[in-house]
Amino acid sequence: MPVPLLEIPEIARLEAGQGLVRIPDQQDVPFTPRVRAIVDTAEFRRLASITQLGLVSRIYPGAMHTRFEHALGVFHNALRYLAQLSRDTRFRAAVDVHSAEVLLCAALLHDLGHWPFCHPIEDMSLAELPSHERHASEFLTPGRELAQVLESEWNVAPAEVLDVLAARTDSTPLRIVRSILSGPIDIDKMDYLERDSLHCGVPYGRNFDKNRLIQSLVLNEAGDGLALSYKGKTAAELMVFARYVMFGEVYWHHAVRSATCMFARAFYELRSGLDLHELLQHTEADVIHELRERGRGTRAEPLLEGIFGPRRRIYKRVLEATLHQNRALHDQLSRRPFEFLVRTSARFAEVLSAKLGIALSPCDILIDAPPGHREIEFKVDIFFPKEQAYRPLQEVSPVVRALAGTQFDDYVKRVRLFAAPQVARSIAAIPDLTELLAQSVLDLQPE
Amino acid sequence: MPVPLLEIPEIARLEAGQGLVRIPDQQDVPFTPRVRAIVDTAEFRRLASITQLGLVSRIYPGAMHTRFEHALGVFHNALRYLAQLSRDTRFRAAVDVHSAEVLLCAALLHDLGHWPFCHPIEDMSLAELPSHERHASEFLTPGRELAQVLESEWNVAPAEVLDVLAARTDSTPLRIVRSILSGPIDIDKMDYLERDSLHCGVPYGRNFDKNRLIQSLVLNEAGDGLALSYKGKTAAELMVFARYVMFGEVYWHHAVRSATCMFARAFYELRSGLDLHELLQHTEADVIHELRERGRGTRAEPLLEGIFGPRRRIYKRVLEATLHQNRALHDQLSRRPFEFLVRTSARFAEVLSAKLGIALSPCDILIDAPPGHREIEFKVDIFFPKEQAYRPLQEVSPVVRALAGTQFDDYVKRVRLFAAPQVARSIAAIPDLTELLAQSVLDLQPE
Amino acid sequence: MPVPLLEIPEIARLEAGQGLVRIPDQQDVPFTPRVRAIVDTAEFRRLASITQLGLVSRIYPGAMHTRFEHALGVFHNALRYLAQLSRDTRFRAAVDVHSAEVLLCAALLHDLGHWPFCHPIEDMSLAELPSHERHASEFLTPGRELAQVLESEWNVAPAEVLDVLAARTDSTPLRIVRSILSGPIDIDKMDYLERDSLHCGVPYGRNFDKNRLIQSLVLNEAGDGLALSYKGKTAAELMVFARYVMFGEVYWHHAVRSATCMFARAFYELRSGLDLHELLQHTEADVIHELRERGRGTRAEPLLEGIFGPRRRIYKRVLEATLHQNRALHDQLSRRPFEFLVRTSARFAEVLSAKLGIALSPCDILIDAPPGHREIEFKVDIFFPKEQAYRPLQEVSPVVRALAGTQFDDYVKRVRLFAAPQVARSIAAIPDLTELLAQSVLDLQPE
Amino acid sequence: MPVPLLEIPEIARLEAGQGLVRIPDQQDVPFTPRVRAIVDTAEFRRLASITQLGLVSRIYPGAMHTRFEHALGVFHNALRYLAQLSRDTRFRAAVDVHSAEVLLCAALLHDLGHWPFCHPIEDMSLAELPSHERHASEFLTPGRELAQVLESEWNVAPAEVLDVLAARTDSTPLRIVRSILSGPIDIDKMDYLERDSLHCGVPYGRNFDKNRLIQSLVLNEAGDGLALSYKGKTAAELMVFARYVMFGEVYWHHAVRSATCMFARAFYELRSGLDLHELLQHTEADVIHELRERGRGTRAEPLLEGIFGPRRRIYKRVLEATLHQNRALHDQLSRRPFEFLVRTSARFAEVLSAKLGIALSPCDILIDAPPGHREIEFKVDIFFPKEQAYRPLQEVSPVVRALAGTQFDDYVKRVRLFAAPQVARSIAAIPDLTELLAQSVLDLQPE
């Protein structure tokens, strides 16, 4: 019985070893003419000039991998997911070849709307900032090369791809396709955990038994999204845990957060003079170049030069609080607007100036705190074939339950105070630093 | 009995797990204040803006790792070599703590004289090109920050480092130290084979039993360079073989060579207008930017845009010959000056224009051939403890003997003809292409 | 400043690469004459004839590794722990060279008191069973070769080794040494998780960042046991999690438990005719041989032949309950004496015979349930250097807290009902099987 | 277009992750009911009681893996080879589903004719020894369970399997199927190199880019055997090299050979009293048991007790010669009948007794030398798609050429002299030991 999904050329070539691009670690990505046509457009090629992890490379020097490489990895996962799910009769009935090909395009293009240093910039929630979706849609404007390639080589309308990346219409196949691209066990996460781990040189994001996970993929009870059969439960726990560890050791590593806060604050300082719409279309090297030019002679200069300049000067951590170490302080500062953190650190710089008898600039002190959105993607069902029952992963895994909800964010994402290197030692030596900070918050916002 | 070498702070910290930088794959590099002082200079930081493999990333998208990361890896190897060799009484007698610390600085700084796209530029042997040594020495000019750090933090004179990188004076400890940094089993090769392999995503340059190799290190019979005890023989063979494979699959991969030829030819076209001395101090992004600017409207433009532009357009291979497939052609073109290859391809473009009835530009055809210098680094002795005898690796290993001498170069480095994509198909279809090319060589240089 | 601990010959040779034995995966175990002297005694050699995982190899065919290999791995870990802890001044003050050498002997000999199929036999809590300690002490009787080797080659009294394996006396160095050998982050667990995972061919017990864990070792606040510095927290979580996964996927895998129940029940049937004291000194092959001989013609025969005979016939799982799926049933059967489970299954066999109208033997039905002892080894402190504070791992890790206490056992160790293959299908088809089982328990033990 | 080969149930399940057995390293072997039916026969189960590497575990303690595990690995490779080759139209035309299923059975059963310590016993070329073929055929006698399973579950006649294992008839599909099971890039070698390497804990036999190798499989020019397309050339070189290294470091490791010579000599001593036909049907444990029983009180006793007894006492190497170190001696002893080596060592023991003034037993001295058959399996063709030409691997690879022919054997397989531990030191100290040995050979066989 022929399975049309398995005859999609890129899926058919998955194991053929012909016409492929090799990416770490030893992944062979099928590279048919129509894949090559997308990859060789200017719009896609741009991803080769944006690193996946931005400022992380200041701490983990190996983390120079690009969104180009990541996109190929996500595409490869898409092929494997489709090959696996094509064994499922409900999936085959719901997702036809065209929908699958739209997914393949969306997998390759899922980061099209990204820009250099995307996450720190977004976490500021600046009003001027275009949405990813609007940003992506520009690169897919009819008439641009990429739009033409999609239509002529793939018979896919750019709007179809955009509809996967950000829901506009609703249908069962679209829900399924979206849950493959974005969800608790999506092809994006499955790639970046491994890839970031590999290039950083740490073991934490690998080894979550990816093969087993893929082999367990099924549809959920409603038939409109991914679930896992029971034999993949352990692998799912491993993946959730791997993500938790990667947050603690890499993404929210204290020095990574210090560099991130420095960048965010500098960007905030310069924001009014920037043409965001244009800037965000540039390569990472160009964004750095432009920010450093703009920063020259401003308060942002030492911040930008410290992370991008010829000499690295990363701010030092002088205080750190988890929810459990200092709940009061954590609650005062978590999930507040960026602008509130800026005002608080300015106020606190005044307090410290007085206390220490030295003149601190408002940018000498940076407060880091968990942003508003939470990491909540643990909601996947586990299918028990004997009982023909679906149960939430959180219900059947104590570990996932522990990591879900507040705990993941609250342990991994901390409130931290960073200070410029030349004043860090003096500040860290202040005995009642925590109380002073708490008071500064209250000064600004009397209860 | 205390061993002073083992008390060098970075060696003492090798296993301590404190104050370290992590690089792939799971290497913990000791990061003492004086190491950090070097790494945070502008001169060293520059290595973070030069990729290790340059154009290879056009073929292997993961190969974005920098000379900065590599330098840390070589430094880590230096620590391990010293820790191992400190067990050898002859080594301890010859190499004191100061010499060892000079080696550590040299290991960190061994690529200081490199510039973006170093290898293709050097292989042209342009007269205007500064030597690595002169280039490195500029970054070590007294008064520059790096020179100051070496003197104040390490008590090492910049001239001592330069003397390791390029021999000026002679002594037994210097010979030993140089053989650690540059030789058949040096710390440089041991790092780049693994690292390039990892980031490219291929298995070939890894798994050569690095631990066994390091544990076998001894001094040679003369006591002035490295050798290996017998138990490391297999590991040495594995490493030589790994290098052979990496040349075939990565460094001289046909598409890598195509991009390399395109770059070299473009650089050659633009050379008279470039201030090499200044250009080579720039970051890789700046060099690319400047070359593309200069190339605008010249014959170099399609070459540079094809490799660096928004759309990748790499020339196609239309002919390939190893020594063994076509000795005559191979001998005609190997080890000839770059300028000769340029003239030959211009002549050949005329011939093909006539033959095909289409006007080919002189840059539509690129000839690639093995450069003058050979890969000859197989000369290491194996020490047989029972017999207390030293024998050349080549003598005791049929594999190394096979790879040494002419065969390594002659199998791995091929004569190839690349053509612009739009004409490649027509050219490849010419039945007597090889004969026409041979004739073009003769036209230029009658025997 | 010389560190005497680092001059213990086996520690000094850790990196030397000389005189070693290689065990998976690529571990080089120093093999000095005095280590070889222990290893080549009959008492130690016996460990080569006992597999590490016993019946697991019936499910994971690669799991043939022996306690001999494991002992070398634990010894290797002991060397690494000592090399690391020798950096700690408190440790150096407390543990002298002799105590360290006692630890090394104990590491090599920690399984000396084991016998084939140790865990299932112990879980029955048979009165006749010798304790490990008594069993180990026999092999260390003065006059036996091993005792002589310890005294002449190591200057260690057998009683000193026994005192580490099972506390008789108390002292600070002994507490430390015992916590290295047995505790939440001991050298035993650290070895078997990796080794079992490797030979089973699963990824779960590996990759917990062993190097980082070892590099974080410090003494606890009281100075009488192991703790971890903060930088090892993630690695500790990874290891706890790895153990959880290994229980779920290997040690308490349903088919592994089925074979284990079959073995236990057969042993129980034959117990009165066995000379346990003698039997437990035999090799695994001999124990299997003897049990099969004894079982011939008894109710134990189909059980023993099904696991050891020429044709594998493992009982089928017909019912399974975790604490959370069926708390009532779980509570009825968990942590009850083995004899109670035997009686319950006999009673239940009668009930099923009546229900199905076929004559079931009392051994056709096997009930598996968590034994009395719990897996509770999560109690290790994390040292925060900045605050100079020690906090329990459970307090600072939501994941470990989730896994500790009841949850680890209650998720991983399930109540299961196994049935002989020829009747399994009929039994599994009974709709009210769970209720019938619950009633059978009540029949025996009215509330 | 449906491909019947891909619908063979085990191939269809290759990626499905259902009903599988996991073997190292992380290989999921499809385990359909008909595979299980073969595996659960007594004839197949017997392979679980024979280790793959026999005496190697005396040197590499991890090498306890069985022929049962290996058989599953070879079967898994067979599935992957068939899945790959089913893309080749010539293969599909030549090999139908039935032939493929015969191959699958043969892959599972290829070691059926093996017995414990097969290689050392065979290398003696004893007249009484049954051939593998005859031995295998007994287990496939009609009426035995395995024969019945083949016929009823697979519709395969036992004779068909035997015909693959040892050619009786000739046809194109049979030639192809045989070249998959036995040849330079066969499924057997591809498994054991990796597996032996893994369990021994060495890196040498892994990492030869197995995926690339499988993806390059094509038919040879004649269409009756395997060849590789050009893209697999490097992987083929890596595999040939891996085998060379595994011979040097494991299979012909000096201590492995010492134990092997001890075993062979003991077996030789006892041969007349053994019922070979019966003995070779036993498990490894039983063979050891029986030999030790028989050896009691004979010259074989110290040999057998030294390798199998409670205390390991392996003979010491006192002399070693490669072809290149001592061609004369090598030529005198290589490829001679085992009986000649026995007589020579007896004669040499007399000579040494006289020289040293101590009475040596004829079994105190063992001579090891390369056996008659050579390792010659390098003959595979490489297919160059552009030129549509096939060339021998040896022609296009200098490394393979170096390893082929005499060199592989002559470097890796050495002439060695082993002596009982208690006399080894005295013998090794004799200055003209080599000359004395050479003379002993001449004494026996005047030129």
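Read from first to last, the chains carry the letters A, B, C and D; within each, the first residue is number 1.
Just so we're on the same page, a contact is a pair of C-beta atoms (placed from the backbone, for glycine too) under 8 Å apart; a residue touches a chain by one contact, two chains touch by 3 or more.
Fair warning: this is a prediction, and the values are worked out from it, not measured in the lab.
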Contact-graph separation of chain A and chain D, given in steps at minimum: 1
Chain pair, B-D or B-C, that carries the greater number of C-beta contacts: B-D
Averaged-CA centre spacing for the pair chain B and chain A, given as whole angstrom: 35
Chain centre separation in whole Å, for chain D relative to chain B (CA means): 41
Chain centre separation in whole Å, for chain C relative to chain B (CA means): 51
For chain B, residues that touch 2 or more chains besides their own: 26, 202-203
Residue ranges of chain B touching chain D (in the complex, touch as defined): 202-204, 206-207, 209, 234, 237-238, 241, 244-245, 248-249, 324, 395-399, 401-403, 407, 411
Residue numbers on chain C that touch chain D, as the complex places them: 21-27, 39-42, 45-46, 48, 51, 57, 60-62, 64-66, 68-69, 72, 145, 198-203, 285, 309-313
Chain C-facing residues of chain B, complex: 1-2, 15-18, 26, 28, 83-84, 87, 211-212, 214-216, 231
